[in-house]
């Protein structure tokens, strides 16, 4: 990370350390302050959307929004100032979100109504993951994310097969059910199919003919049973991720084979003594004591 | 697969390679083009079922449907032409779907209204799995399918027990609940029972008497708890499938026992050196280096 | 099982073999015929409960019911005849169900309306498990049942904790929500709480106040997360059940320890050669060849 | 526990043993009697909240409530009497609940209407866990609780990510959907989002525009798939908890390494004989026989 720090000491470097890094007290403080500000700005957007609160506290919300907007704009300014290639930041994912978060309020000065787009600001909550990174939670979350990445392919395939199944069954119900039951088009029937298969079941659309209800039962039992698939796949990937953490990447100096547990002292294939480096540091300490 | 290729070179063989195989660039291209055409035809069927779109773009959809029908008919013709035993194809699962997909449009020339059956065409989406086969996704999907096959018996038994349970409880609610609550017959009560047990819960039928609601609670808690069964069974089958992939099928030349890991060099039962062929090729490379 | 067979050959013994056992062709045939008859009688009860079918086919259903009742009564008679201690049968679980299944129709001769209780007959479907016993399905189902028995204690504890949680939260909503929203009493609020926690969500009762909706969110997220508990516990019990099947019950003749895998030839604790009997029969064959 | 017992024999010590401990017959009896009384008082609160029961049995419920209140007050008095530091008890979690459980009835003597707060008494059900502690259930429940503690961090992180996702998608639906569909504010839209993602699906609020329904499908499929995360994590933690119970905490006297199975006799790393104490008592018996 330090490689990206602008050369030459001074205000720029100091600001960079505070804004973009979090290994100094000021850097940590900045991240936490930003998190609090984002949560507060989200709170204002949420409460302002409630009609009764808007009427009573509308003026307060209006000023709070401007304070947040000015602070966020200032933050963008500082980020641009202390970077050597600010264009890359402005084109990056977070950069675009940062700018979009302040744009609606500024635009509202010229275009009335632009303020309704202020909900875009909610996307800034994604920055909160930065704060989580500093907490122990992320160490644990890494397992979740790793296992999710490994099972991604299979879960996509699963969802694809589910979609095909739902499309075929839903079209059947579009033919069988009367329009009064809510099955007015195939896309609407597919919406109902997903609502049913995922066991959400709003009830805004529901089959009324015996045949339609029979096919619905098939969809429900399918949805109820195949939830086992993503769960099973994900569980196994969690186990695999944990196992990979247990095995060393080092090869045996005798036979060149891999797959030694991190606390192994001898190669399990040829019996060669595995050199110190492949040992788990903790195990070394114990052995020497 | 090549064994099924018709003898004698020429146009037929070339067509066969393009249409039925996918190891040539043209063969792959054909599969992808067919997938795109199927998805487009499905899109037309879906959008045409929306009343407002039908009124505005109905004519366009009409022509699009004819273009798709002609192309699909042409495809069937080519398949029949380049096969030696076209009857077997026409009687096969995919053959029947292929013909059914084009029949409604042709029939509509003679029988008005036959066009409504064009949704049958959605079944052609099953052909899309052919394209998936070429992608890495299927390698991952094989694990899912294998584990599903292994757990099939138990999941069927589970669904059977669930159905019996639901039938008994639903009949009770048919006796308890007034007809106004929607429990007008036992089959309808069973429909409600499945809606409840699978936690779909439309709410079109719901118990209104205290006793009925108490029995409903039993069904809900049962449904909520026993989802653990298919999930647990499937998870274990995924683990078993993975383990089977890790163990070699080869027997030890010394004692004849099985269950050696694929990268094992010595029999774990009697210590005999396992011959090269039973070794994992990757492990050999590492051992030689 | 043969120990329970009445002494002395003749008609009684023959009937016993047919009705209570299934290792003869006639015994198997009887079980299957009974299963078919039960399913048919269930079908008649189900269809007769549909008003429109009752009006059209009511007479046919009436006669079908009498045929089934007479056949079932005959079956009870034969069971009583060929048993030495028929009282024990009549007091047993299945005996009571068998009698209850035919009682309503006979009673209807004297008490008009007793026929509505004919749904009790559905309990006879439990006899179907007898047929399943002969099929391969049950071998697989045994794993399910074993794992379910092992995890029973924990799942009951889980349901108990869930009930306490729901009671406390539901009472809160009873205080918060207006009666118009459907929260007319605490038992009704608990019904709503279970509907919510199990993610059924009929929508016949739903919170309308912001605070009530906030507490509902807590219940939903809890219900969504803690489904992990029964699933996790059951999965582990399935794995444990499978492991127990893999280990031999035999102790090592050298050191007396247990926990040897069924295909092990030497004690893993002291190296003593395990005698032939503890070997997996399949492994012996391979070793001799 | 005995360390906390007040010094000096006599009535106080006897009462302490009965009320706070459960290793004497009287102590067990007290715990069970208290559990029954709590369940009965909960039953009265539940039934009294039903309007029709209140009108018919209101007077009985009134007296039952007073009996329970007096008994509970007496119990508090005894607890205070036999403790040396009663203030610590009154400030403790259970102490506060105990007092809150009797307060409403006493307050109702002076302040009319205070009785509606009697539902607070339901919190006393938490004391029931004390009774469960004596039963075998808790031994099994410990596994559940341990695994839940281990997976807590990851499940909180999971719920946090879910909340962020729901907030962003729900705000989108607030912008897209008309107010008539129920999306009157962002907090209400978030309520709907949680109802949808957790697959509860009341149907009191449901999207009506095609775009809104499309985004809903995304939320449903997400909710349906990511249920795999808490389940997978919890399953793995159950397995880890079980494994930890299998491994000894003792270090090898030869090489100082850990991770020996409880029934191991020799260090698996250096072959040193592990001293008796680290052996499983059961294994010793078998070895000596």
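For reference, chains read A, B, C and D in written order, and residue numbers begin at 1 within each chain.
Going forward, a contact is a pair of C-beta atoms (placed from the backbone, for glycine too) under 8 Å apart; a residue touches a chain by one contact, two chains touch by 3 or more.
The shown structure was predicted, so the numbers you read here are calculated from the model rather than taken from an experiment.
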Common touching chains of subunit C and subunit B: A, D
Comparison of B-D and A-D by number of C-beta pairs in contact, larger one: A-D
Shared interface numbering between subunit B and subunit A [over half = same, under half = different]: different
Interchain centroid distance [CA atoms averaged], subunit B/subunit D, Å: 42
Centroid spacing, where centroids are CA-atom means, of subunit A and subunit D in whole angstrom: 30
Contacts with 2+ other chains: residues of subunit D: 158, 187-188, 199-203, 223, 227, 231, 233, 235, 239
Contact set on subunit D toward subunit B in their complex: 199-203, 231, 235
Residues of subunit C touching subunit B in the complex: 42, 45-47, 49-51, 116, 119, 122-123, 125-126, 128, 132, 136-138, 140-141, 143-144, 147-148, 151, 155, 158-159, 162, 187-188, 190-191, 194-195, 197-204, 223, 227, 230-231, 233-235, 237-239, 242, 263, 265, 283, 286-287, 289
For the subunit B and subunit C complex, residues of the former touching the latter: 153-154, 156-158, 160, 164, 167-168, 171-172, 174-175, 184-188, 190, 196, 199-203, 206, 210, 213-214, 216-217, 220-221, 223-225, 227-229, 231-233, 235-236, 239, 251, 255-259, 269-270
